[in-house]
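Each of the next two complexes has chain A plus one other chain: chain B in the first, chain C in the second.
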Partner chain A sequence: MRLGRLLFLPIFAFLLIFAIIPAFGVLSSSLTGTHGLSFTFYRQTFSQQYYNAFWTTTWLSLTSSVLAAIWGFVIAFALVRTSMTVLQRIITALSSTMANFAGLPLAVAFMATLGTSGILTLFLQQYLHVDIVAMGFNLAAFSGLFVAYLSFLTPLAVILMLPAVSSLHQEWEEAMYTLGASFFLYLRKVAVPVLLPSMIGTLGLLFANAFSTYVTSYELAGSSINLVPILIGYMVNGNVSMNLGLGDALSMEEMIVLGVSISFYFFAQRKSLLHAREGRSANAT
Partner chain B sequence: MRRKWISKIVIFFFILQMVIPVIGLMIFSIDNEGLFTLSSYQTLFTDPSFLSSLMNSLGISLVSVVLTILLVTPPIWYGYLYSPRILRVLEAMSFITFVLPGVVLGLAYVQFFSNPPFALAGTPTLLPFAFTLFGMPYYMQSVLNRLRHSEAKLYHDVARSLGSSNLRSLLRVQVPLLAPGILIGSILVFSIGMGEFTITQLTTGGSFMTLPIYLQVDFQNNPLAGAAMAVIALLIAIVLVSLTLGTFRRRKKRREAIHVNHSSVEQAV
Partner chain C sequence: MLTIHQLNKRFDHLQAVKDFNLVMQPGEFVTLLGPSGSGKTTVLRMVAGLESPTSGSIHLGDVDVTHLTPQKRNIGLVFQSYALFPNMSAYENIAFPLHVRKQDKHTIQKRVNELLALIGLTNRKDHLPHQLSGGERQRVALARALSFHPPLLLLDEPLSALDAKVRQSLRITLKEIQRTLGVTTLMVTHDQEEALELSDRIVVMAKGAVEQVGTAMDIYYAPQTAFTEGFIGETNPITAEVLDVIASPIGEKIYNLRWHHHVFSWLADRHIEPQGTSITIGIRPESFHFLPVGGHGSIEATIVDKLFFGSVTRFIVKLPDHTTVKVDAMSAISQQYPIGAKVGLLITDPRLPIGFVDEAVTMTANPS
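Let's look at the complex of A and B:
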């Protein structure tokens, strides 16, 4: 039966060649200057332009993922309460379709809808006399990316939150009401504390997702906004300056940010797993 | 009663949020200064480079699916049955893709695969491997879910105790048992392959036309045709999602059927 372990050989070789060794290649060339070990590239990433890029990316990701997490929580909460299976099925289908639709087609959809000559922009102008462009909305800037990010982060938040939210027991809520509590007291004392691990985990995953978004921002804004993934892409693709070492240093820093925010997700998942186990053993006794 | 009403309003706004860009896109693709037109779709389907990029995308996605099935299924199955510890290592390693987004992996590939032993950058050869890597965590979870819910080990042991060979049990019992999980995982990998843009652009420099690359170029030159193309991408997404959900629903029914119909194992042996 030991022979069966050979089945693991191809997949570990695959991971080594196509993920781990290239990743270490990025690490080593980010640390290699003209004369061996050097931190030149990292020093460059702390210059104004790249510092600003990290700041903008973080701010955009944080605001959009926090709003998406709260909004996703509200939707999941509402969904569980409607108890209409048809509606729930529609939402699940809709959420997964949007998750598949994300990326380039979604960016194109946004340009067709909210661009300067987009359908909704023109509609608002002609029929409601609301000029969103004059109001400062620009699809190629922070405001536009924020709206676009929300439209793929929200369905993701709903998918991630739904299992946790539907594990809230109806009896807890009823017990609270019997004892004279209000809905908001129930939220504050029971629902939110119970769901906190999964909310933090969802937030970590959404943040990482937003932070590493390249296609949507590339198509909508291109070089007109200073974001880390776009800058890395330009290091490979740009005809102006091909600076792979600097791209490597930026990539390492991005990987650290992603690693930290993803670890929130895994930590929270383990926590809620332990929670579930404790609950089960408590029920058994 | 009032709260149900609020819930419905919340859901209504969520649906609105999801649907508005889609409706905008659809109107945009058939709007010719207020008049209805399908010319953008016509241009698209008569454009030979659209058809060749469609073929490229389908081809590369299918190759990725086959690669994923062959590479990932056997170790997961074996690991679940006999070496859970190695499986856990593999599962943890598959999540490496979450810290290796498209741009970073693209940058890494361009550097690592440009030197003679593996001079693959600039050709589409790398793409199926990249898509397999991206799809791996999803594929693994979908097959593992199936394994967890189907008592695969029990069936394997029963089949062998009734005198079946390992290989026979594998082909006649285990593969049909895992088929729904493999199918859902494959659809997920396939849809990653159909929509991937970043790695394709960075490693081939746009020389290999896939649907997303074509869409990106086309929307710049001819927004109408680009919008029509995005509508087609949406239709592909809808088909793939309904396939997964359909399989999912049937799977539930079949799970019950498997529990009832133990004799099917004996027949297979």
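Let's look at the complex of A and C:
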């Protein structure tokens, strides 16, 4: 037992060196003004520009992760129920790959397909006479980032939902049918309620992932959209607007957002009925 | 009530069910009994509408339900794994099919409370399935399957996931509920004791086909195939000399047989025919009886081993020709028969009145 705990030491050391110590560094420098302890930087973050940035980032992350979670659920549900095992394996493998396909390569891929002179944009224009640019689609703006975020959030959602969806018992569905209920009633009364905790948990992780996306959004949109990670990037990377203290304060605020959304995940996991143990009696708990 | 005609089911290259026929009377309790993989569950699922037959037909009353969806069949099904909805309380689970049928609030409340009382779980009605014990869950599943008054109840190994004690008491509960409500019931099990105890009739299945259909007594004492004989209980195959065949008071054939100078009567099994003057029949261990050595008409035998099974004790008994048979007797009397003791051995057919041996034959067989 004791020895077992010792095995976690390397992980704790890793966390300490690469997460906890840097976080404290950020915290202390965000609180250090010219004359010691100061909340100046935090006061600065409560201005209209940063308020807008938080609002845009939240809205972009929320809409894209909600849609990704819904899509992910539908795909995972279909995957579990199909009898085509080859397709099942291909899509699962593809999802793991695509969930990690972000950053510069993803941005380049998107520019090549959906940019103003991207293949797909031109194809739609010439052959289907659909001008997505004229319709307001812009890779360097909200709409473009939304689509780009979906491309890695959806496969991530599939991977996150798959274990929960595959632990739905087939008997629940069959019992529903013998009791007179339809497939949709099964979805509404059993499948969705039972999966709700893992959906919320997944949503928390997707939101955190979207909120902290930096390279992809920076490469696609740069300064043309007001996102928290991009602003932080400007302040700590030493361009025009280098301001370490302010960047640290914004980072701390972002960490709070991430912490809250990830805690949704942990809270939801504990609420899940899927992992309620079988064979436990009421008074034995 | 339920009529299954020439039902077949193939899964790819596997014939899971082969030419299955069964006619059930209203209120009857029929059990499908067979080893693992014999196709019992598949038959049940086809009746429920969860699996579609390759060929054959299923009628419920006069209605051909062969191609109806499960929703339209109105049949209650209890799964081995209970399949209670984990997000609904015991009460909500039982009420669910009534909500689906759009019954009014008051009717639902009354019916669910009635069923909760019947299964003795009124004080547990707000518990979620994972807060109930296995036996309690199974009772809720039973109530849920009965709440909408289905004309037919299907049970797939309803007790097999429970421990022995609970299983025993739930068996009684199940039988009581079935009798009270008079619902026609088709149960699947591979537990022969359960089948023998609960059923009006038993369908023995092997490799997808019906081996034998009959009452518990029929199946137990007159197995018609080698499979049934080997599958249910234990038997001692013996070859006896046929002295006489007579008609019983209700018209069945009764053999008077002689085995090791012991003369006894045996109700004829339809499929076993004498070969020449001898016949081979299976004798259950408890159909043998002990007498003091030299007791009237008995065989002189020696006890060579004793196995204590609880309420009964199994004796291994050696006959004059050095073959052995297995004999079961109540443990209460086993003290009188130590290993090595000599005893007189008798056979009686439990289906015949006690002491039923045709007098004339007894006289000719024992001219002492």
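Rule of thumb we're sticking to: the second predicted complex is superposed on the first by the 253 of 285 C-alpha atoms of A that agree within 3 Å, B and C clash if a C-alpha of one lies under 4 Å from a C-alpha of the other, contacts with A are read in each partner's own complex, and residues count from 1 in each chain.
Just so it is clear, a contact is a pair of C-beta atoms (placed from the backbone, for glycine too) under 8 Å apart; a residue touches a chain by one contact, two chains touch by 3 or more.
Computed from a prediction, not measured in an experiment: that's the story for all the values here.
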TODO: In the overlay, work out which of chain B or chain C sits against more residues of chain A.
DONE: B
- [ ] Could you look at A:244 and tell me whether it touches chain B, chain C, both or neither (first, second, both, neither)?
- [x] first
Open item on the list: Just to be sure I read the superposition right, which of the two partners does A:25 touch: chain B = first, chain C = second, or both, or neither?
Closed with: first
Task: Touching partner for A:262 - first (chain B), second (chain C), both, neither - done: first
- [ ] Considering only the touch criterion stated at the top, classify A:124 as touching first (chain B), second (chain C), both, or neither.
- [x] neither
Open item on the list: Just checking: does A:233 make contact with chain B only, chain C only, both, or neither of them? Give me first, second, both or neither.
Closed with: first
- [ ] Scan A:67 for contacts with chain B and chain C and give back first, second, both or neither.
- [x] neither
Open item on the list: Looking at A:91 after the superposition, I want to know if it touches chain B, chain C, both of them or none. Which is it: first, second, both, neither?
Closed with: first
- [ ] Look at A:180 in the shared chain and tell me whether it touches chain B only, chain C only, both, or neither; answer first, second, both or neither.
- [x] second
Open item on the list: With the touch criterion stated at the top, can you tell me which chain A residues are shared between the chain B interface and the chain C interface?
Closed with: none
Task: Residues of chain A that touch chain B when the two form their complex - done: 1, 4-5, 7-8, 10-12, 14-15, 18-23, 25-26, 29, 71, 74-75, 77-79, 81-82, 87, 89, 91-98, 100-101, 103-106, 108-114, 118-120, 150-151, 154-155, 158, 183, 208, 212, 214-215, 219, 229, 232-233, 235-237, 244, 247-248, 251, 254-255, 258-259, 262, 266
- [ ] Provide the residue numbers of chain B that touch chain A in the complex, in ascending order.
- [x] 3-4, 6-8, 10-11, 14-15, 17-18, 20-25, 27-29, 31, 71-72, 74-75, 78-79, 82-83, 86, 90, 93-113, 129-130, 132-133, 191, 195, 197-198, 201-202, 205, 212, 215-216, 219, 223, 226-227, 229-230, 233-234, 237-238, 240-242, 244-245
- [ ] Using the touch rule from the top, collect the residues of chain A that touch chain C in their complex.
- [x] 169, 171-172, 174-175, 177-182, 185, 189-190, 193-194, 273-274, 276-282, 285
TODO: Would you pull the chain C residues touching chain A in the complex into a rising list?
DONE: 48-50, 69-71, 73-77, 79, 81, 83, 85-88, 96-97, 100-101, 124, 127-128, 130-134, 136, 144-145, 148
